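Please read through the structure below; I'll follow up with questions.
Chains: A, B, C and D, in written order; residue numbering restarts at 1 for each.
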Amino acid sequence: MTTFGESHGQGVGVVIDGCPPGIPLCSEDFVADMTRRRPGRHDLVTPRKEEDRVEILSGVFEGLTTGVPLTLLVRNRDVDSTPYQVLRHLFRPGHADYTYFKKYGHYDYRGSGRYSARETAARVAAGVVAGKIVAPLGIEVVAYTIELGGVRAEKVDLSLIEKSPFFCPDPVASKQMEEIILDARQKGDSLGGIAEIRVRGCPAGLGEPIFDKLDAEFAKALMSIGTVKGFEVGAGFGAATMKGSENNDPITPTGFGSNHAGGILGGISNGEEIVLRVAMKPIPSIGLEEDTVDRQGRPAKLKFRGRFDVSAIPRIIPVLEAMVKIVLADHYLRSKTIVPYGFAP
Amino acid sequence: MTTFGESHGQGVGVVIDGCPPGIPLCSEDFVADMTRRRPGRHDLVTPRKEEDRVEILSGVFEGLTTGVPLTLLVRNRDVDSTPYQVLRHLFRPGHADYTYFKKYGHYDYRGSGRYSARETAARVAAGVVAGKIVAPLGIEVVAYTIELGGVRAEKVDLSLIEKSPFFCPDPVASKQMEEIILDARQKGDSLGGIAEIRVRGCPAGLGEPIFDKLDAEFAKALMSIGTVKGFEVGAGFGAATMKGSENNDPITPTGFGSNHAGGILGGISNGEEIVLRVAMKPIPSIGLEEDTVDRQGRPAKLKFRGRFDVSAIPRIIPVLEAMVKIVLADHYLRSKTIVPYGFAP
Amino acid sequence: MTTFGESHGQGVGVVIDGCPPGIPLCSEDFVADMTRRRPGRHDLVTPRKEEDRVEILSGVFEGLTTGVPLTLLVRNRDVDSTPYQVLRHLFRPGHADYTYFKKYGHYDYRGSGRYSARETAARVAAGVVAGKIVAPLGIEVVAYTIELGGVRAEKVDLSLIEKSPFFCPDPVASKQMEEIILDARQKGDSLGGIAEIRVRGCPAGLGEPIFDKLDAEFAKALMSIGTVKGFEVGAGFGAATMKGSENNDPITPTGFGSNHAGGILGGISNGEEIVLRVAMKPIPSIGLEEDTVDRQGRPAKLKFRGRFDVSAIPRIIPVLEAMVKIVLADHYLRSKTIVPYGFAP
Amino acid sequence: MTTFGESHGQGVGVVIDGCPPGIPLCSEDFVADMTRRRPGRHDLVTPRKEEDRVEILSGVFEGLTTGVPLTLLVRNRDVDSTPYQVLRHLFRPGHADYTYFKKYGHYDYRGSGRYSARETAARVAAGVVAGKIVAPLGIEVVAYTIELGGVRAEKVDLSLIEKSPFFCPDPVASKQMEEIILDARQKGDSLGGIAEIRVRGCPAGLGEPIFDKLDAEFAKALMSIGTVKGFEVGAGFGAATMKGSENNDPITPTGFGSNHAGGILGGISNGEEIVLRVAMKPIPSIGLEEDTVDRQGRPAKLKFRGRFDVSAIPRIIPVLEAMVKIVLADHYLRSKTIVPYGFAP
C-alpha cells in the first residue's frame, strides 16, 4: 500500500497491491466513511467544506476486485493557495515545514502539501477496502474520544458515539467538549486529546513474532498520523505501576479473566478485545502570533490566517479506525494457511 | 536485519544485510554492551549468570565489514530445560505460550523458546553495529529508568546512570528501587516501570514522510520488545492537555525554544534532542500460583519455579538503546545522497 | 514502484516511491518516449492511434520532484470494448486469459485488462524518470532490433536506429522486415524477434552480490514483459561453447581486452559496455482461427477480430530501454555512499 | 531468505524467515542433496573433497519447524588459503575480484570469499526446505545437462540422469563429455554448457502478474548463480523465429496441444510442465597464464594454481533445482487463499 498526493495538488490517493480478488467494491462503498472524516460534518470544529468522492482508477472489473493493483483517487476541489503565500519563506512552528526543508531542500507550503492531514483521506479510503477484508472474520473496529482539551469521558456507552460531534461516548463530557472547542476557536488556539480504539471479534493468532508484532504494527500505523504523540495497548502506561500478580490475566476455560494485555500476548492476538489508546497533540495551526525563522534562519513573527480545525478530534477518529483495519487486514493476509488460489475446493 | 534463535536452542543471532563495507569490527566490540545486558551485572534483579560472547560468523574480512551479510551468533550455554517440563501442557498467564499455540499449533515451552527475552541478546549485538554506523554523525543514545514499581526518579543526572544497578539517574530513587525489588522477589512477584531514551546529536533530516516516520518506526521497534506496553515521544500523553500555543515549539535562529515535539516534526528529525519514553509491564514470570488452562482448555493451577528476573529493568535498558540505534542507522542509510560506492571522490 | 491500471479501464499509471527530490519534471518530458512507444509512429505494424499524454498526479511542486511519491497517469482514450465480448467465455491461446481465470476466478476480457501490453505505457513513463536519475552519471541506454521474423541485422550502425520503423540498425534488414511484416499482416499471422540493449557509460560498482545481481535484475525486469521468452548477457548462450581461456576477458590498464562478460562480473558492473539480448515470441493475437475451450472447459473455435500489432517490435523497444533504466536507477539509489540529505555540503 | 558466509570463513548459511510451522525437518534431510552438489561425487570434474553437513541453528523444535526463522549452517572444513595469497594484489580475469574491489574498496581474495560457488551450498540447503513446502502439491523438479563443451545430448531419458557423472540424460553424450572434460583438465582449461530444468505437477495459478511473473522470478533466481549467462523458458530464443499460428499452444479440454509457452502464460503457471534452460559460461578459474592488472592498475601476468573444477557442470545441477524449488515455494506461500492460521477447520 502506497499513498500519494498533496493537499493543493490534483488530489490524494492510494495504490493497494495485494488486495485479494473477488471483493465487491464500488464508489458508493466509500461514502459513509469519507463523510465521517469530512470537515463540516458538524460545523463546530471546522469551517471547511469538502466533497470527498473516491474514484476507482484501477483494479475493479464488473464490480469485483481483480487481484491486481487497486487505485483510489480523491480529487482536491476546494483549493485556494493564496493564504499560504506567506508560508513561502516562514516555517510554521509545530509543522513539518522546517524538517521537510532540511531534508528535501524545498517544501510545498500550500496547505502543508504532502504532510497535510488531507493525506489521511486516502487512508480512510484504504480502510474501507481493509474493512471488507476483515469483516468476514467478524471483526469490528470502533474508535472514540475519551479526552479532549482536558475534559474526560467518565462513561463509555458505545451506542452514543455517532450522536456526539466528537465521537464521544459520554454525552455530558461531549457537551463540555463543545464549550471548550468554541472557547478555543474564539481565542485562536487549538486543543489536544486522547482516543481509544477497540477491536471486537478478532480471532486468536493474528500477528507476527519478534519485529512485526501486532501491537508494534498498530503503534507504527497510529504514530504515522501526524498529530499522534503517544500510544498504548491494554493497561499501557498504567501497567508500569502494577505487580505481575495483578497484571497477568488469568486464563480460564471460557477466556481470559481480565484484559490488561489488551488482547495481545507476545505480539499475537489472544482472542480478547483489542484495546488501544493514542494521545494527540493540539494541532499546530493556530491564529495567534508565533516566533519563527525564515528560510535564511532570520527571526520572524508569524500570524497565519488559513482555515483550520481547532482539534484533530473528531476528524481523526475514522482515520484511526482505518489504520487499525489496515493493520488487521495486512496481518490477516500474511497469516493465511497454505492453500493457493485455484487449488481451493 | 533478521534475528533468529531460541533461548534453549543452539543460540540466538542476527543477520544484517546491507551493512556498509569498511567498518572495523571484532568480537571484542560487543563485550561492553553484552555485559550491560547480561544477568548478574548487579545481582539484585536476576539470579542467572550468562556469558554472552558474540561470534562473527560472516561478513568481516581482515577486521573490516565487507558489505555482504554480517552474521552474529550468541551461543546458549547455561541451559537447563528441566524446570520447563511442567509448561509442556500448561500456558503461563501473561506469556505468549497460549498465542503461539493458537497460531502455530505448537510452541517451544523451554524458556519461552523464540519469544524469550533471550532473543534481545541478538538485538544488543545488532545495536553495536548500528552504533558504529551512526557514531560518525556525532549521535549518542542513552536510556535510563525513570520509574520502577511506582518509585519515580525526581532528578535526572545522566552521569549517575552507570553507577545505579537500575540505570537510574537519581541516586535516592535508585536506593528505593533496590528495596522494592528485594521485597517483590521475596514475595515471588514482579514489577513494571518506565524508561526514557534520549538521542543527542541527531542532525535534522532523518525520517521518512507518511508511513515510515521516524517516531512511528521508533514506536514499532520499541513496542516489538515483549514487555513494552506504551510509547510516547516528546510531551507524549501530556500533549493531550496542552493548548497549541503552549505545545508549539517556537523556532529561533539558534534552535527551538522548547522541545515538546521531542526532536521530531512530521516524522523527520529537527535537530533537537530526541526524547522517547516506554512503559514496561511487570514481567509475567512470577513465583505465585496462577489460574490457567492446559492444551485441552481444562482449568489448571500453575506455580512455576524457574529462574526469572523481578523486572525487565535494568536488563532492558541496553536493549532500548540498541533498538533506537538500529532505527537511526536504518534511516541514515536510507537517507543518503546520491553518490554510489566507487564514484565517491 | 508499482504500476496500476487496465487497457480498457480509466488508464494506466505508476507510483514511484523513493524518487529523489529536486529533479526537474513536467508533462512534456514524457512526450518523446511515449511517442516512440505509441502505435502509429510508423503505420506498418499497428493500425491503432493512441495519444498518450502523461499526467503528473502527485510528487512535483514548482517543477521539481519533492521526494514524496510521484504518481503518473496515462488515461485511456481510444477504447472500444465491443469486439472483446466474444472473449467473455473463450480463452485466447497464447494469452493470459486462461491463467488469470485459474488464479483469480475471473478475468478482464476487454483488451486483456491488466495483462495488456497497454500496461507498458506506464513503464515507459517510469523509464523517463529513471532516465533523469541515471543521466547525470553519463549513462546512455539504447535498444534496437537485431532479428524480426527470422530476418537478421547483419550490421549494427546505431545512428540508423531511429530512421528504421523497426529500430533496426541495418537498413537492408529493415527493408526486408518491412516486407515480411506486410506479408504476415495479410495472412493474419504474427512474428517474433530478438532485440539487443546496450548501456554505455555505466561506471563500475553497480549491482548487489548474490541474489540481486545486476544481470539477474535485468533478467527479471525484461522477462516481466509479456512477450519476452529468453534473456542473455554478453556472450550469453554462446558462452556455453567457449573455453575459459577464450571467454575470460583479459584485464588491461585501459580496460578489458574483450567483453564476453557483457559488462557485468559477479553481478556487479565492471565499467565496460553492458550488452543484453532478449527473445520475443510472436504476439499471440492473430486473425486465424484457433482451437480453445470456454470457461466450462468445452472445446471451441476462436477467430478474433480485434486491432492488433503484427509484432511486439517495434513498440517494445522503448519499453526495453525503460526497464533497463529503471533497474539502473534502482541499483544506483541503493549503492549510494553514506551522506544523508541535508548534511551534504 | 538471506544467505550469508564466505568460502574461507566459518561457513555458509541461510536464514529462512516465513517458513510455515509444522514441517518435519532434521539434519539428515539435507544429506542427499548436499551429496549431489559435493565435489568428489564423481572425481572427473573436481579434485576437492568436502563434507557438507547442514546444522540447524534455529527454528526447529521437537523435529518440526516452528514458524519462526530457520537458520541452516554449513561449516567450512577443508580450507587452505595459502594458494590464494597471490590474489591479494591481482584480479583474476572472469572473476568478481575486480568489481568487488571497485564497489567495496576491498575484497576477500581467499577462494573468492562471498562470491565463491561455495555460497551455493547454502542455496541447496534452502532448496531442501523449499522442496518440503512444494512436495505436498505433487511438484517435482529435475535438472540435467543437455550440452557440455559443445557436446549435446541427443536424447532425453530422465531415468538415466543420476547414472551420469554429468547428470546427462543421454549415455552416449555423457561418455563424450567425460572425454572432453579430461582433455580440458589436462590443458588447464575450462568448459561451459547448457542445462534444462523441468517442473512437473505444478498446478495452474502460481505466479504474480506484472513484475513478479513466475518466469521473471525464475530468470532472476537462476541468473543470480555466478556462471549463468542466459535463460529461456519454453521455446525461448527459438520463439523468435516462429509465427504466432505456430507458437500459440492450442487449448483443449484435456490440456494444451503443445507447450511452446513452457508452462507459463502471462507470468502465471498454466498447469503444463514448466521447461527452463540456462547457459553457463566456462568457469573462469583456469590453469593457463592470463593478462590482468594489480590493485594499482599496473599490467601483470597471472597463472593461478588453486584447486578448481573444469566446469560448473555437474555441481551446479542441484543448485538449479534448489533455486527453482525456492521460487516455487515462495510463490506458493504468496498465493495462499485467505484462511489464517488458527482458523482453519
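The rule we apply is simple: a contact is a pair of C-beta atoms (placed from the backbone, for glycine too) under 8 Å apart; a residue touches a chain by one contact, two chains touch by 3 or more.
Because the structure is predicted, anything quoted here is derived from the model rather than measured.
Undergrad: Does A-C or A-B have the larger number of C-beta pairs in contact?
TA: Of A-C and A-B, more C-beta pairs in contact link A-B.
Undergrad: Using mean Cα positions as chain centres, tell me which chain lies farthest from chain B.
TA: C
Undergrad: Just give me the whole-number Å value for how far the CA centre of chain A lies from that of chain B.
TA: Measuring from centre to centre gives 27 Å for this pair.
Undergrad: Hey, how far is the Cα centre of chain A from the one of chain C, in Å?
TA: Between these chains, centre-to-centre, one finds 39 Å.
Undergrad: Quick check: what residues of chain D touch more than one other chain, meaning two or more?
TA: Where chain D meets two or more other chains at a single residue, that happens at 3, 67-68, 102-103, 114, 204-205, 209-210, 335, 341-342.
Undergrad: Quick one: which bits of chain D touch chain B in the complex? Just the residue numbers, please.
TA: It is residues 2-6, 9-13, 15, 17, 21-22, 55, 57-59, 61-62, 64, 66-71, 73, 102-108, 113-114, 341-342 of chain D that touch chain B.
Undergrad: If we count contacts the way the header does, which residues on chain A are in touch with chain D in the complex?
TA: Of all residues in chain A, those touching chain D are 20, 67-68, 133, 137, 203-206, 209-210, 332-333, 335-344.
Undergrad: Where on chain D is chain C touching in the complex?
TA: So the residues of chain D in touch with chain C come to 3, 91, 93-96, 98-100, 102-103, 114-115, 119, 147, 149-150, 184, 189-194, 204-205, 207, 209-213, 215-221, 223-224, 226, 229-253, 257, 260-262, 264-271, 279-286, 288, 290-293, 297-299, 335.
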